[in-house]
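Scrolling down, you'll hit the structures one after another.
Paired with chain B in one complex and with chain C in the other, chain A is shared by the two complexes that follow.
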Partner chain A sequence: MNLKFNYRTLLYLFPALLIFIVFNVLPGMTSLVLSFFEFSGFETNLFQKFVGWKNFIKISNDKYFWIALKNTFLFVFGAVFIQTGIALLLAIFIFFGNFKYSTLIRSIIFFPCVLAPVSVGLVWKKIFEQDGVLNTIIGLDFSWLSSVSLAIWLIITVNTWQWIGYTLVIYYAGLQSLNTELLEAADIDGANWRAKIFSIVIPLLWPTTILNMILNLIGGFRAFDIVYVLTRGGPAHYSEVLASYLYYYSFAAGGPSKMGVGASIAFVIFACIFSIAIIRVIAMKRINK
Partner chain B sequence: MFKNITKIISIILLSFSISTALKAETIKVIDWQGGVVGITDSYAEFIKNFEAANPGVTVEYTQYTVATYNEYLKPALSSGAGPDIFAVYPGPDVDDINNAGHLVNLTEAMDSEWQSWLGESASIPALSRNGGLLMAPQDAFTEELWVYKDMIADLGFELPAFGDSYTVDEWIEISAAANAKGLDGLMFGPVESWCVWDGFYNMANQLNPEYPVDLTNKALNGEISWDRDMFRLPLEAYKKMHEAGVWREDSLGMDYQVQAWGKWLDREGVGIYCNGDWFTASAPAEHNTKDNANIFMMSYPKINGDVPMTYNKATGTNLGVNANSDNKDMALKFVRYTNSPEASTIFAKNGVIPVALAAMDLDILAASDNPLFNDGIKMLATEGRNTEIYYPQAEAQKALYDGIMEIFLGVASVDDVINKMNKVTGFDG
Partner chain C sequence: MSSNQTSYGATFKHSPGFYILSRLVVLFFMIIIIFPILYTFSMSIRSPETVYSAKFFLIPEEFSFQNYIDAFEYGEKRLKVSFPRMFVNSIIVTSSSVILIITLSIFAAFGFSHYKFPLKESVYNIMIASVAMPAQVLLIPMFYILLYMGILNTYQAVILAYAGFLIPIGILILRMFFEQIPKELSEAAIVEGASDFQLLTRVLLPLAKPAIATCIILLFLDTWNEFVYAMVFMQDSSIHTIPVALAKIGTSRYQISIGTYSAAIMITVIPVLTIFAIFQRWFIAGITMGALKH
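Presenting the complex of A and B:
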């Protein structure tokens, strides 16, 4: 290895590295340290009162934290499996369907992705209201977003609706780069469509599936805006996810105003994503071997 | 080359000096009253007058909404570069901000004239710590339920006398009649936690056997048990009203300031819960003229017909002066001005009830062209019990809010909430 080359590489990397360190690493480390301090958010000295594991004990005794954790995993499950699964099926259907207006169909499905999640949330909130569009159509007088058991699933549905086009487009790109000779060979061998899809197309799309799952997994853990706009974590914190509960502890008007506790929730989010990243790296190494 | 470098350095230094000089004359003021027209219009006039009286001084006034206020204030104050003047929510935030050393003790900075303008408001306990006033109150209000008179009449009910209010059972009857006509009884926005607390505090105070001793404060401190009628009956009243459909089920996902208020303006409901005088300038104009005074204000529901009339009278915007401000003296001068009779007259003109009523002629004030404003003045002068609504116990209030919401959702009983409150407040029996 050429040492001189490495110095030059470092020099070229420096601007991006500096921005990454200043805006990602340092705030992340500060947040991590802050989770061991009592900090309301108003003090000029962030690290005034060391409280050890108190913030973590506090959230572990808070039933709404566990609800938020469960909801976060449900949300991630929805994004990783439901969204990816439906997008895969849609992509295959559109790609092999040879529809006349397949570009238009893809554009329509992709359209919600270009909308701001806040706008999407507000529109769906109107749809789900007690006197909203959905109840008017089906003739019910039901409060969808005030339902303890339904609220999080409705949020997952809206999130899937918004981002499925993004996953679909990545799949579509993957399908376009497939080696069609394999499918032609399968045709010659007399394979039916099911065999071609499940034995050739889906296995060949595995790297794309992994990419989509990782993107959706990260997006799932970061979910905040759609939850905040649709339910603000309610009713009574029952649709809270970790990011929205972090916000509640740190900034919400009338909330507990404890940023130290909020930082400990941020640490849990980090720990979840980090653990999954480690598992992925190990799994990929084994697969590659 | 050297000359050019010298020139550039000189220009930079000059620009820096100019910007520093300009900065020294700029007072930054922030509050959370986004959308409250009367406050916005009043401050526009204050700034115009203040800048005219203090040449070279610029006042920058920025409004946020309640929901987004702390997103700005916390980083601003903790960075040490916060605004010169900022509104403070008189609940748990007061102690956090004061303990962090951000607030000037206004009592020490007040001259006798300023004190005389404020009268009793110069020593409001919720705005003071250790005998010192930390925030200068701006506007006074009574929290109320507002109802459309014509809708009440259409439903076949009579309004109570001014100052009186309906009982919980009467609200249930009115709401049943409203529901039968496809309307809501009360629009309610419990996503804003104060909408839940303040009604509860009012109903608890109606039953307070030791009034004027504040038993709610004692309970929040864990000094007395929550297992008593004055807390149990309001929880049961909330449960009863929710189950009877006094407000719609999806209220549980609504905020007060935008959704509940908007639906009430659209006349989807007869009344709006936990409203108040701060909206006298924002009331629907067609229902608030001298010829058509179609809005009636009343206090929170009475637990029963025998309880004393109980009000929630308080102050809305409360301005603190940043102890770390470079322009502290000018900031104090501006806050002082906002309490002056001149500023109070501007507030009144814009439909905001000024807190500095000590220097005002109430009869003149209560004869404006805005019927709701006039009624607000009358309501403030109406005798009855007054309820504290600003408590500093963050954890206990969070538990109370969560508990009431769980009662609404049917996942907790009144007993569950009472036991939880005893546990959270540390009441050991």
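Presenting the complex of A and C:
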């Protein structure tokens, strides 16, 4: 339907576009520019001290920046592969398992998604503590979140715990619109359940898998709350991700208050998302050819 | 749908291996999902003396609501923001953001779906692309924009920041929905002499209720649970939202007993859980629909 464009059309579009530009496009663009300036949060004119690539050189010489970058990729890896993989199998088991209460089961596995990541992080923080229930159950005396190598994986585990239901319900929607003909044919041929799942169901669910991977990829870059609450990036800065390291450089109480450096970390996040978007567009074009 | 499901199940029914494995796997994940919340709840209702003794980790030896009273006192004394105040703050921020975003998105989505204008698809694509950007990228410049506007440390700061960030999602869902409504309906309304505004309010909006419900659910979850903007843009403790105040309790330097800590978490979890229990079908349908629109 194409109504004639008139002054009222502008009134319909203008308020939403204005807010989108002022509170999304403008800060987004400014953030890229600010990464070439030095400022600490007290200046009135942010664009006074142009420092070229200095902020980027600073982060490239910062060992913890590279740890944060690596952790961000681990986080994204966990969300894209581990979370998607577990949710896929779980969705298949619930869907084909003929459960009497399958709606209730889905609701229970889904419910952590409606909780604030802050609440979820605090719940798990106590569980992982030295006198926490995890140690009581397995009979250890280990301070889980103080471990340099384990901390980031525990954060990834908690994040997976919270969002597995999200991936699950999207898979479930995919399963509900699955074409049954191939499965019926396989039944007539006497295929066993493993063959049916791995040769028919999982390949047919491929479009849903791609969608889930993209959603989890975006979600993986976004994670901040759960890191902040569980470890604040510690011990030292070994469980930092890019988003939390940006916060540390710019706003954290007792942090360095170097907002220009923070902006350069934002630039790196932007560059990651942007390159992934470009790869996605190119991949889509190849597939469509 | 349910008849479909039984026929699916039938193709797997005669495999005892699958039957047993599916029960084991689902049971395992149900326990993993439920245990942490149940455990926190159990901690919160134990009397301070028996906090570390319980049957099967979960059943308290002595019930008590003292922890909840302590948590309320802790909020008032240590945080300078009481629990009722946090809820009021969160309700103000969430309801204003959701109303603002939905209203503006409805009008903009109508503009995108029913009019033709130059650069329409380019503008729309920029909006959609922005959805993938993490909120933290905008944190520093947004802080200064709000500072220059003189609204830092007010509700408006966070409401406008949320709006800038979430309006694209509202427009995305509503535009798709408006375009699914048969053209003939809009054309008939115009032929009958309706103005474009009447077309929107009398014809399209009544039909768009499910899409608006989806938007409300998605926006409610995003704004109610949001943490980093609320923490950085509203540092005055009297206007802290629930996640910010809760994070302060959980990472505070002051000693806090695990019972009080657990009670504080449960005070924030129970209302959300109740709303979810009542509207669970809506939540799951809304989230799925929102995801499939990407």
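The definition used in the following text is that the second predicted complex is superposed on the first by the 270 of 289 C-alpha atoms of A that agree within 3 Å, B and C clash if a C-alpha of one lies under 4 Å from a C-alpha of the other, contacts with A are read in each partner's own complex, and residues count from 1 in each chain.
Just so it is clear, a contact is a pair of C-beta atoms (placed from the backbone, for glycine too) under 8 Å apart; a residue touches a chain by one contact, two chains touch by 3 or more.
Note that the structure is predicted; figures quoted are calculated from it, not measured.
When both complexes are superposed on chain A, chain B and chain C clash. Of the two partner chains placed around the shared chain by superposition, chain B and chain C are both touched by A:Leu46. Legend: residue contacts after superposition of the two complexes on their common chain; A:Ile105 is shown touching chain C, with no touch to chain B.
In the overlay built on the shared chain, the residue A:Gly78 is in contact with neither chain B nor chain C. Of the two partner chains, chain C is the only one that A:Ala116 touches; chain B does not reach it. More residues of chain A lie in touch with C than with the remaining chain of the pair chain B and chain C. In the superposition on chain A, A:Pro256 makes contact with chain B only, not with chain C. Across the two superposed structures, the residue set of chain A contacted by chain B and also by chain C is 46, 125, 131, 232, 250-251, 259. Those residues of chain A lying in contact with chain C across their complex are 1-5, 8-9, 11-13, 15-17, 19-20, 22-28, 30-31, 34, 46, 89-90, 93-99, 102-103, 105-119, 121-127, 131, 133, 136-137, 161, 164-166, 169-170, 172-173, 176, 180, 183-184, 186-187, 192-193, 196, 211, 214-215, 218, 221-222, 224-225, 228-229, 232, 243, 246-247, 250-251, 259, 262-263, 266, 269-270, 273, 277.
Chain A makes touch with chain B in their complex at residues 40-44, 46, 64, 125, 129-131, 142-146, 148, 231-232, 234-238, 250-259.
Note for the complex: chain B touches chain A at residues 32, 66-67, 69-71, 73-75, 77-80, 89, 91-93, 96-97, 99-102, 191-194, 248-253, 255, 268, 324, 394-395, 397-398, 401-402, 405-406, 408-409, 411.
Interface residues of chain C facing chain A in the complex, by the touch rule stated above, are 1, 4-9, 11-13, 15, 17-19, 21-23, 25-26, 29-30, 32-34, 36-37, 39-40, 43, 52, 57, 104-105, 107-108, 110-117, 123, 126-127, 129-145, 160-161, 163-165, 167-168, 171, 183, 186-187, 190, 196-197, 221, 224-225, 227-228, 232, 242-243, 246-247, 250-251, 258, 261-262, 265, 268-269, 272-273, 275-276, 280-281, 283-284, 287-288, 291-292, 294.
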